[in-house]
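Heads up, the next two complexes both have chain A, just with different partners, chain B and then chain C.
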Partner chain A sequence: MVTKNEIIEIIFQSIEDINNENGIDIAKDVNTKLFGSDSELDSILLVNLIVAVEENIEELSGKYIPIADERAFSSENSPFKSIETLADYIKTLLDE
Partner chain B sequence: MNILIEKLKEYAEFPAIIWNNKFYSYNELFVKYNEALAFIHLKGVNEGEVVSLIGDFTPNTIALMFALIQNNNIIVPFNSTIKDSEQVKFDIACVQKTILVNVVNDNYSIELRDDQGDHSLYEIIRERKKPGLVLFTSGTSGNPKGAVHDFSRLLAKFSIGRKSMSTVNFLLFDHWGGLNTMFHTLSNGGVVLTLRDRKPDSICAFIEKHKIELLPASPTFLNLMLMSEANKRYDLSSLKLITYGTEPMPLSTLERLKKAFPEVKLQQTYGLIELGVMRSKSESDNSLWVKVGGEGFETRVFNGLLEIKAESAMLGYLNAPSPFNEDGWFMTGDEVEVKGEYIKILGRKSEIINVGGEKVYPQEVENIIQELDNIAEVTVFGQKNSIMGNIVCAKIRLISDEEKKVFVTRLKIHCKEKLQSFKIPVKVIIEDEPQFSERYKKKRQ
Partner chain C sequence: MNNDINPLKPIILITGSSRGIGNYLANYYLNRGFLVVGCSRNDCDINHENYNHIIADLSNEEEILNVFKIIRKEHKRLDIMINNAAINPAILNVAFLPYKTIQNIYAVNVFAPIMFCREAVKLMIRNKFGRIINLGSMATKHEVPGEALYTSTKASINAFTRVLSKEVASSGITVNVVAPSVIDTELSKAINKIALKEVLSRNAIKEYGDLVDVSNTIDYLIKEESKSVTGQIIYLGGV
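Moving on to the complex of A and B:
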């Protein structure tokens, strides 16, 4: 069973990779906004982050979880609001 | 065709073929041609029948090819050994008889197939009383398409004598590139130099041994040769010209090639199974700008896509709609940039990756990745993505082991300097599998 904290760690790790690769400094904070007008990430960076998280989750749990599918975008509460909401969303997907 | 036979007599005692390290003269080839002609008559191969010829550039395979041309057959060449996936081609081409050449001892035999050889395109050739040639293109969907040629039109250009350089027959027997080299060589008194093993070291050893002047190859092969440094292990000073085609050349490979062979002329070729090989001229040795055309070819660019009108064009596909427009222009599907008389081939329109409405040419990204150290091969492709429509992915074979994270960071930082962000691979897959086919061509699916 992967815990929410482990998921957050994975997201932080992924953010660190993205920061290193792009020479940027996105804060490793559960309140960091991932998507929307007050987010530092453009759509390309968001896609990169999601793919990195998917790969790291797969490495940890052995399961490939597509994070950015139709459901993620159609849900009323976007999982990409913040790192916190993303971690919750991934936890739900993993527990299914 | 008679002209080709005349050439066999004209060059009489000169060497025509080196096969299994043994010379065969034009006289010997002429004798084998007569034997082959007698054989097909004896076996009741009638004019206009569809005959597959399975072999390689062996003396008897070449003799049989000449005999089948003389007998006005519709010829479907195959490389020995046939793969299971190729069996479908016999049905597509409605093959009536198969001649199988044993590529070890050069003996041959014939088999009948249960097919009538009926196709409307074949009727045109039969009415003209000409030989035919069927070549297969892999097609974007992976289903082979059979291109039907009036063989006499493809052969017409060989009646004009041109200088023949000593050439290694690197390209394969079942494609026009390979056949074109063979016919060019034989119609100009040259020697067909052929070997089964097309690995870089074998080819380089062969060039050294026979003092070969011209190497026609694919960019993938040239890249592997440079990577393996096979060219440093042999004396290749006889080489005067390296031609490259069949797939786009990465600029980084071309530049490394120029560095390795400063005295050798580097020339891009452009040919299509549907049209034949055009004459071409590269702007310079290390330039991808090329002028294509020559006698019998007209070119134009429409909506960024190259279109060609050719006298030697095929009649059509056996199993696909005609790719010609009503005025006879062939839509190549190749996206090009234009600079005066020169064009630069960007890639197949069908391979372009659409990332959030922006176009990404796989070759452009591959080109940049190839600049990095420790890259054996790279293939860039698109993958569906719900945010961007598609994302760019890169499959990489490394020369020596490297920690994935270290490598990916290195790759992304390099790409960021050279490419817009949407072109940078999001997913990087590291695999040990070679990414090229037996034709030394990059496998794209």
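Moving on to the complex of A and C:
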């Protein structure tokens, strides 16, 4: 069973990869906004981050979960609001 | 299954590699020293140390995802993808098109290539390099009666390709359509010879195309130097 803290660590690790690859400095903070006008990530960086998180989750759990499924975009409480909401959403997917 | 992860060998994924154009391309790129991953609903006669064949029903999302799960596990990356698999099950007046036929052809000719593009882009985006080739058809130019369904699937892929090319250009990924002239394959054999001849007569080159026409065009598009050639629909045969 993967814990929420482990998922947050994976997201932080993925952000570090993205920061290093792109010469940027997205904050590794659970409140960091991932999507919307007040987010530091543009759409390509968000795609990069999601891909990195999916890969790292697969490495840890052996389970591939496409994060951007239809629920992610139909949900009133978008999982991309912040790192915390993304971690909660991934936890839900992994526990299914 | 080949476990050799060689960074010097380009890794190419070809759908529909058990026959026709896909089978030719798989053999062609194996001869060029590529690592080739092929997939199709059936087994494949290619026996080569650099070839991985994955049996997958392309109308099934889980089976498509499994193709990429294997690629991630075995190869860790993907350089080139050729969306070749397509079906043309019925040449029928629109008035007679069964709903099931519409669903089946869209599943293989549209939904599957879109899914393959989605998953391929995810693998390519991290390396900031990728070449995606979607196989098109001259049917989208000739608008032949009886081919409305097949033509609409290929027109959909043309539009999808052009938009996707804009989304991924900054990640070093190009996306293009290669639309061959008529090539002697099982797909073209199913079409009435007289109708084919009539359609070919509209092209600058009125004879059947060769398989090498397709590989020659793809060779150009997948070159590193072709980084600015994207979102293009290249018709062969002078359509």
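Methods note: the second predicted complex is superposed on the first by the 96 of 96 C-alpha atoms of A that agree within 3 Å, B and C clash if a C-alpha of one lies under 4 Å from a C-alpha of the other, contacts with A are read in each partner's own complex, and residues count from 1 in each chain.
The rule is short, and it goes like this: a residue touches a chain if its C-beta (ideal position, glycine included) is under 8 Å from a C-beta of that chain, and two chains touch if they have at least 3 such contacts.
Computed from a prediction, not measured in an experiment: that's the story for all the values here.
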{"item": "First, second, both or neither for A:E70, with chain B first and chain C second", "value": "first"}
{"item": "Which superposed partner A:I10 touches (first chain B, second chain C, both, neither)", "value": "neither"}
{"item": "Which of chain B and chain C A:L94 touches, first, second, both or neither", "value": "neither"}
{"item": "Which of chain B and chain C A:N20 touches, first, second, both or neither", "value": "first"}
{"item": "Of chain C and chain B, partner touching more chain A residues", "value": "B"}
{"item": "Chain B versus chain C as contact partner of A:L34, first or second or both or neither", "value": "neither"}
{"item": "Partner chain in contact with A:E58 - chain B first, chain C second, else both or neither", "value": "second"}
{"item": "Partner chain in contact with A:L46 - chain B first, chain C second, else both or neither", "value": "first"}
{"item": "Common interface positions of chain A, toward chain B and toward chain C", "value": "21, 44, 47-48, 51, 55"}
{"item": "Residues of chain B touching chain A in the complex", "value": "356, 385-388, 391, 405, 408-409, 412-413, 416, 421-422, 424, 426-427"}
{"item": "Sites on chain A touched by chain B in the complex", "value": "17, 20-23, 42-48, 50-51, 55, 68-70, 72-73"}
{"item": "In the complex, chain A residues that touch chain C", "value": "21, 44, 47-48, 51-52, 54-55, 58, 64, 66"}
{"item": "Touching residues on chain C, where the partner in the complex is chain A", "value": "65, 69, 72, 121-122, 125-126, 170-171"}
